[in-house]
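Two complexes, one shared chain (chain A), two partners (chain B, chain C).
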Partner chain A sequence: MAQPLTTASVPTDIYGGDEVSALVLDAGYCQTRAGFAGEDVPKSVLPSFYGSIKDTNAASGSRNVFGEDYIFARPDFEVKNYMSRTESIVEDWDTAVQMWESMLLDRLQPERRQTQPSKNGLNDGADGEGDVSMEDAATSAENAENAEKPLAESPLLMTEAPWNQGKAREKAIEIAMENWGCPAFWLSRTPVCAAFAAGKASALVVDVGGANTSVTAVHDGMILKRSIQKSHVGGLWLSSQIRSMFDSCDPKIEIRPSYMIESKVPVDAGAPSQAILRQLNHDLHPSYRAYEDERLLTEYKESVVEVWRGPGRYSNPGNEDLVKTQPGRIFEMPDGSNQMWREQRYRVSEGMWDETAQLPTASEEERITKAQTIPELIRACLNAVDVDLRPNLLGNIVVTGGTSLLNGFNDRLNNELMAMYPGMRVKLHAAGLTTERRFGSWIGGSILASLGTFHQMWISKKEYDENGAGIVEKRCK
Partner chain B sequence: MSGQQGKWKEEQVLVICPGSQTTLAQLGCSELTLPSHRLPTRMFKDPDTDDYLPYHTYKRKKATAAANGGGDAAKPEDDDEFEYVEDRDSSEGAIYPIQRGRIANMPAFLAFLDHVHQLLTTSYHNTPIVLMASPQWTRGDNEIIARFVFEKTKTPALCLMHSAFAAQYGLKWLNLTVVDIGYEKMDVSCIWDSNLVAHKSLDYFTPGLEAGGNVLTKRLHELLKDKGFTLDMCEQLKRSPLAEVLPYVATAKNCMELPEEEFPAEALAVEAPKMNEPTIAAPSTAVDADGLDDKIADEGVLDVANIVTSGNTREFLAKKEKEKAERAKAKHRKAQEAEAAANRPARLPNAKRKTNTFHYEETVHEDVQVPLSNGAPKIEPVAPSATNGDAASVAEPAPKVEGDAAAAPVPPAAPAVPAPTGETTADVLPFAPEATGSVTERRTKRIRRDIEVGLERFLFVEREYIDQVARLIYTTIQSIPELNKRPDCWNNIVFVGNGSRVRGLKENVLQTMMSRYLISPSTATMFTSELPSNMATPTGTGSQTPTGSTSGSLPLGQLPLPTTSSVNPLLQAATTASLGVPGAATADAHGSHQSHAQTPTSIKMAQLPNYLQDWSKAGYEEAHFLGALVAGRLVYCMHPGNDLNDAQRLSSLSRVDYK
Partner chain C sequence: MTSHDVREMLNLSAEGGGPRPTKKQRTSIARQNLKGLAREVQNLGGDNPIAIVPEISSFKKRRFGSRKPAARWEMRPFRNSARGDESLILRHWRRKTDVQPTAPQPEQPQQNGQPSEDSKMDTDNGESKPEEMEDSSFAKFNVKVDVPQYSEDQYNSTLANNEWTKDETDYLMETVRDYDLRWPLIWDRYDYRSKEGDAGTDSSTAVVPASKTRTLEDLKARYYEVAAKMMAVQRPVQYMNQAEFSLHEIMVNFKPEDETRRKKFAEAQMGRSKDEAREEESLLLEVRRILARTEKFNQERRELYNRLDYPTTETTQDLSSFKTSNGLHTLLQNLMTADKSKKRKSLMGTDGQNTPASAGPSAPPGSTPLAEQRRESIAASASGHGHGHGRNDSVASTSDARPEKPTKKGAQAPERRKLTEQEELTYGVSTHDRLPSGPTFRYDRINKILTTKSNAQHARITNTLNELDVPARLTMPTKAVVDQMEHLLVNIQTLLDLKKLSDKFDAEIKLEKAKKAEKEKANGGPAAQPAAAAESATKGGGANGATTKENGAANQDGKKAGDAASSAATTAKPAGGEGTNGDKDSSSKDEKSSAENTATDGTRVNDEKAAAKEAKDSTDGVKQETGTADTKEERPSSSGGHNKRSASVLSSVSDKSAKRQKK
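Here is the complex of A and B:
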């Protein structure tokens, strides 16, 4: 049985790990991260969005390309995602395998692919973008047979959302063992990894990611299943709030991502843009536009949006007036139009805390209920665990995920929790380094997989052969 | 063991910077010179064994000068019929171990390393190596290289150095965005406070996305192949000052303003490139000594220093050539307007001329039967080594003893590129110091042709190419997770790699980025009616304001405003902004919190050092080599007092540590 690590046994020197180059793979809705265990940042971080190019030669009528570099304005191009937005688990397994292979093999250790020179993309020079090494599903299956187990030397640790289902977990181990021939495999829950990354075996993990926010109690390296809370209040939801705000502005603010702009001219704030638009002589798929919009909104979130720090809600009387007296922030759109944002930048993020403050959303699904706000998620999570554990969890709250980097987020969270649990000791642990926050669960996985003691935990190939895929349910609790 | 360190002499450090086409190498790092050796990064399969040879080698019938091609250094073989011939210039069957930055053929690469090592070093056990590694080299690659270096050679210490850092060492800036445009790849690395904070590239790992200088050559060829241009000609044209990227003009079609027809009699010039009958530079006339150099470069990545130095040469030659051509024209052409046409544009800069004359230099090898007296071969091997450092380096060690002896002690300072006054020596570079009787001798002739080139020389760099470069730089810098690090990276952009040598390319990329991405601080608010009246005194309630939010109020430059000041803050904000104090800088200076702001508010190229004359003249496109030299000194030769600091010890791997 997996013997979880206690805090005391976590070695301080995380880089003194073993010699085996274990791989760590952490797939989320917005990004997929992969790298070698023992390193402090993932070597390869790709958007989980991938490009699908129409290709009449390919069997399926299209071929896939992975990596941000490929996602630019081009004809017959569609942007897709292999993960499910609502669940942050794999939706399209065929593509997932391609994507992971492109990361774990092509990008991290291309020498493993050298066995079949016809496939490694080197000989494709002539036909340009012809058969790039990201094969379609058919060839990759054949590939797997040919390339006698490309990952035969690397144990693999994958992370999964805490609500991941049995079938998906079995599928993951099957791919690792059957397709890639990994000698050892482990599946770890993202909150556990995030807690490890913060150096804790027990913690309340608040993970505010791109598509989802989850709150999970981790005790001694195990998640408490009943405590898992999740909602779609994440980066993408915030983007939709911003869109809604842009729409309600007068005049309406149009989102024009930078690919549309040839060059811009400085204009006065609030004045219409005078940019020269780029002439594209082909049509673009709306999904590409959506992807680029999101990129722009990300920049907006980074540089403008802020969380009202409290105390109290932003909608409390007086707060907004106060903010109006503060200097605002200016955001310049790629087309040159710019505007000062003052109170609005607090208002868009307020919905995360106060469902009554959210802006009208396009669809009913986007709308959040009271139970889906972050404070309520935490309350629900704590209510689901043993009363005795609560003080400890409140004293060890790990905040992770890219959206938690919003300015003022931690202050607000702290204030909310103090108000909710007066008299309790509330302590937040949020990594100071941006990368550690964004890649929290990957880093935890990296630490875990590089520990000497972790060797006893892996599911080995032999065990898998004896027990079948079901072993993952038994072992990786 | 670490006591060992600091004991190496600067003359003994071997510096190798491999590229996918040309490798720069030098023994000794005492002077920060231009690289003394440029070798084509290629190997050849031995026809009989599985080994790799540094030159194209083939068998041919002995003595009877039968086969095609030419031969040097003939080695008698067991059976009298055949001999092995090494052809130094041929690239037939060449294996290029590095493809798009990545080591695609490890055995060949190791053999190449070994070759370089043998070629340059005189003693084995005390020559530490600085080897520049591309970001594309994987962990496994580096391990294999380290194993090879320590187990197959007697190298005492190895320092593998990331190419972006090498460039940084050469340019001495703490924060830097290194844009490395190579032969078929492009890397953008952001270094902040000497840490790599972001990196993106178009290379081996992005099949299907082409980048680098070779794309341009191919494109040029596409445009000009109807007019009889070969790839080689295009490569030369691309390197000549004729090929140019015109300045960015957002409003123009394709964002550049092509020169208009300046004179009516243009028709003559447009009618397709005239090959003025080749003026054969007969053995007596000008062939500059960089003949060999050129040849190497022809295959190679855009050679470099050559262009710059020989830029002078060419201008000089061009003038002569022009005179000659004009004299010839006077005879040939009946039409007087043609003369005028040729003359008038000569005064205009290249960018304003619709056509221009391109002097194509071709090297022609021919095998000549030379009856030899016995004395001759003794002299000949010396000739190349005397004229040209490269010739010496190429001189192969094995058979000719004297030749090699002469070649070995090439002083490291020997200029890689011979003196610009090219009119020297050696039109014939003989390489056949063998035997008596008749011998096949290779003669290298340079033929110069004047070719008129039209607008293609501006059109070959397409918008997409520039866009691609600009976009990659933009996305890389914007992908730095910490917002406060971005401005520094935007303000220190440097282009390295010989793919960036194309005239005007850097400027155009910069202009493109400026007009597309720059966030102009002054536009943001200053004098608009948008400003609410209550803005004037923002500080009254300042106690409530979290630091982060104020420091983020970027473009206004609000932060430093004195609260009690009677000066209208708006006015002051406006004046400070107009003084060119960018808001970002003021906010950063406070540094209390991440400055939340958009970037870039300014885009600048990093200032290049001007204390190294050679480099300033040759350009800093090979700054990574310079950096590797600097690193060699720092890592192996500096004596920082008695206690060797850890940083220095850890910067290289010594043999003892390896074991």
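Here is the complex of A and C:
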């Protein structure tokens, strides 16, 4: 294989890396990502939605299952999310701990809970009770210690929304230190991580995620708190726009996720579906339907929706006519009905840029104001930082987040910024790889936690013990 | 396919039985030798072994042979001395080194989880190991800023400020230290609350505005004030070294108002409209272009100055020498000569570079023949392109230009490469003293000569030209032709003048003779003798007597014209006088010539030549008198050069005129 290393140094030294087998956890409203520091993709990506199964045996009356595999059409089942949709911060801490444990412990370190075959109890069913109890003392003590400090070897780096507040931060370090026994812990803001992922210490981070869009200025590896701008213009808002667009179509388009379909027959474009629906003999919780709908809409967004690239707004005269002459995209619903989408696919996304172009939505809180459009967020963010920084920030705009993968998003953003700040140098840095865009903040955290110079930053267990949870406010600024 | 197969195919089975096994053996032997070669390839050779020697690659063997036992790696704990608490022990993978002396360590790698914990326990409990625990190689990168320190007393004595409490100043210093002097961050996180409000609310520090909003400039100003004052306290300004002093100066001179104003400008700059931005961009472009152009201009100007080599040194150094008119005059002289030589040089320089094509069309200037004669220029185009009839002329012109050229050049531009006449001819090079601006026509020169004359004279000249069968308007006015034409016209002019005089004298002689006859009739004559002698001379001269007399008259006239051009009245005197010198001279000469010379054509021609020469000289003399200073300096060369030609040309002309006179 490769030539044996002649020096004792590790190659990562060149890049200032020094891996200490840290774990990185990045929780968002739509997805929670966990993995090992130093890797380029999180090992475990789960939806932040979880299934809560009614279980009369459990004390709380339900038990939770995590992961897409467990979310399927079952009667006693409710799909929940442990994060707050409006804030993208943890809402349900009990579930959050469960979920994170299931990821950090079960999925990342599956061997950890597996004790040796002789001791794990699987092989001693035939033996009498006495045999088991013989070695139990030592094993259980070990297990107890293991269970007590399941992460005793791995420093943990967690990300948080830039607007995350004191109590939630303290809670995070408490869990890491007390529940998991991490030797070291750090809490990092997502924009900082996203900027690091793009290789920048100072940047204007435009994070267009699932539930929220945030624009934050990062200076020298720290966020500028006054510059934080947040809006709910994100993937879920876009889904609501698509829903209302489907509703307003002439034959109203029904969203029927695939679990409802027994079998489908190919039909012509625009023709009504002739699928046979599956008959479920139990009721489903509406949250499950909503979750499945969202998945279908995500697919629609990925394959059909496009952003008008500019220049100018989509509503400017002539643009729509031009789009109508362009080839559209065909999308086939799970029930077999399919249709060509031309100008509609631009319309749904236009509200991100132009609040007057947004489609009417069912609920009032879905509506966005002018200040919540992406260009206005950026303007407000820039206005809140020192004027000397602005040119530099405009030249280092980092675009991240899954929703920024919409076709034409970067072109439009660039056009809007050029129009807004004429004569300034505007440069967007958006990762080309889909994974890098989706997991930008996780990757940044992975880079950060594997840096040799970062090790002096960790909050150690000892420091936590001495100072209490408040240390996180002092250290992770 | 073996040879056996071939034989089988060709039904050569006769010898098939015997050799087969041996062959097979042979091939099998060969196969054994050539390992790694496909059987089919080996068989291609048939009986003969294949001449391919397969290279035995010892790739794998050598690798396995030389491989050392796999490098052992271990999870090695390390600490980071840059940390506030050094108790944090992280572990990373490192090559296991043999020098690792400790006993419990080697057991580690067999199991991942527990031993490490043990070792950590060890390091935590037993204090024997910390010195061998490696320090992070990144600890050295931990750098902190120095923030000024001050004591309570120092604050009260030097740093007290109405705007700032000590508490807030402390907070500012702390923030500055926390954020390593990164001012945007300091300003962003600056959130000071007076002590009483500070107690409980540390949870929601982010968005709540500070009680007293401080601008970035306020913070900077205060910090610099404190820092500068503390610097001065620690070491008085006069004892600071250069770097410290400049730093101190910078901090003392920080003006928050200026900063604020600058930022306002910057903000306005950011809020420009698209048109403004575009305009500014175009202006910037223009400025850049102008700058680039001035650069070029400056360079060109410098080049020009260098070329001109303007006399800066004398004029700038002392002006006193130029305060008198004398000094000024000498300066003027200096400048003039310098300028003259410069101009010449540059002109010559450019001329030398000219191609024949560009030199040819540069017509000689239309000017008076006098001025023209001063100027020596070589006609290039005519001779260069070889017109049939112009050849002789051009040769003549170059030949006459020859003697003067080298001297000129040698005198004035010795450094320049000398062109031979032939070369100048072929390249069409011509040199000019001065060129009038703009193009001129050559025949203008001829016209000018004609038009300056009176109508009667003009008519006479044209008549003469007609007699000579020379058209008044040249059909091919090349340089050489025009030069010749000019000469011709000048000579015609002289001839006409002389003719006029001779006519006049003839008339006077006749008159005098008539008078004399009257007198003799009246007196019966003592003065008869000379008259008789004259009569006899004329008679004795015979047929050519008339001509000789004519010649003599012409001769005399020439002389007379020589000295009497200034005073026309004197012409009458010798004639009117009772035997003046001139008259006698002429008569005696006439006698001589008539006596000595037989009237042959040749001698006549000679005579005429001489006469023409004299005439020419006389005209030159006239010129000398009336001419300007520059003609003087030109004259010797030009006249010397022209003499021959004018003589030869004139000979023909005067020949004809003599013929006419004979008639």
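The working rule: the second predicted complex is superposed on the first by the 426 of 477 C-alpha atoms of A that agree within 3 Å, B and C clash if a C-alpha of one lies under 4 Å from a C-alpha of the other, contacts with A are read in each partner's own complex, and residues count from 1 in each chain.
Definition applied: a contact is a pair of C-beta atoms (placed from the backbone, for glycine too) under 8 Å apart; a residue touches a chain by one contact, two chains touch by 3 or more.
Bear in mind the structure is a predicted one, so any value in this text is a computation, not a measurement.
Participant: In the superposed arrangement, does A:462 touch chain B (first), chain C (second), both or neither?
Facilitator: Second partner only.
Participant: One more residue to check, A:434. First (chain B), second (chain C), both or neither?
Facilitator: first
Participant: Would you check which partner chain A:21 touches, where first means chain B only, second means chain C only, and both and neither mean what they say?
Facilitator: In the superposition, A:21 contacts both chain B and chain C.
Participant: A:93 in the overlay: touching chain B, chain C, both, or neither? Say first, second, both or neither.
Facilitator: Neither partner.
Participant: With both complexes superposed on chain A, which partner does A:302 reach: first (chain B), second (chain C), both or neither?
Facilitator: In the superposition, A:302 touches chain B alone.
Participant: Where does A:246 make contact in the superposed view: on chain B (first), on chain C (second), on both, or on neither?
Facilitator: After superposition on chain A, A:246 lies in contact with neither partner.
Participant: With both complexes overlaid on chain A, does A:263 touch chain B (first), chain C (second), both or neither?
Facilitator: first
Participant: With both complexes superposed on chain A, which partner does A:108 reach: first (chain B), second (chain C), both or neither?
Facilitator: A:108 contacts chain B only, not chain C.
Participant: Quick check on the output: what are the common chain A residues between the chain B footprint and the chain C footprint?
Facilitator: Of chain A, residues 21 contact chain B in one complex and chain C in the other.
Participant: Contact residues on chain B for chain A in the complex?
Facilitator: Going by the criterion above, the answer is residues 99, 102, 104, 106, 138-141, 200, 202, 204-210, 250-251, 255, 471-472, 474-475, 478, 481-483, 512, 515-517, 519-520, 522-525, 527-528, 530-532, 534-535, 538, 540-541, 544-546, 548-550, 552-556, 558, 594, 596-598.
Participant: Flag every residue of chain A that touches chain C in the complex, lowest number first.
Facilitator: Per the touch definition, chain A meets chain C at residues 4-5, 7-8, 10, 13, 16, 18-21, 152-153, 155, 163, 165-167, 183-184, 219-220, 222, 224-227, 385-391, 419, 421-424, 451-453, 455-456, 458, 460-463, 470, 473, 477.
Participant: Enumerate the contact residues on chain A facing chain B in the complex.
Facilitator: It comes out as residues 21, 36, 65, 67-70, 72, 106-111, 121-122, 124, 128-130, 132-134, 258, 261-264, 266-271, 276, 299, 302-304, 306, 309, 322, 324-332, 334, 336, 338-340, 407-408, 411, 434-435, 438.
Participant: Spell out the part of chain C that touches chain A in their complex, as residue ranges.
Facilitator: 67-68, 70-71, 80, 82-85, 87-95, 97, 113, 116-117, 136-139, 141-142, 178-179, 182-185, 187-189, 202-207, 216, 263, 266-267, 270, 272-274, 276-278, 280-281
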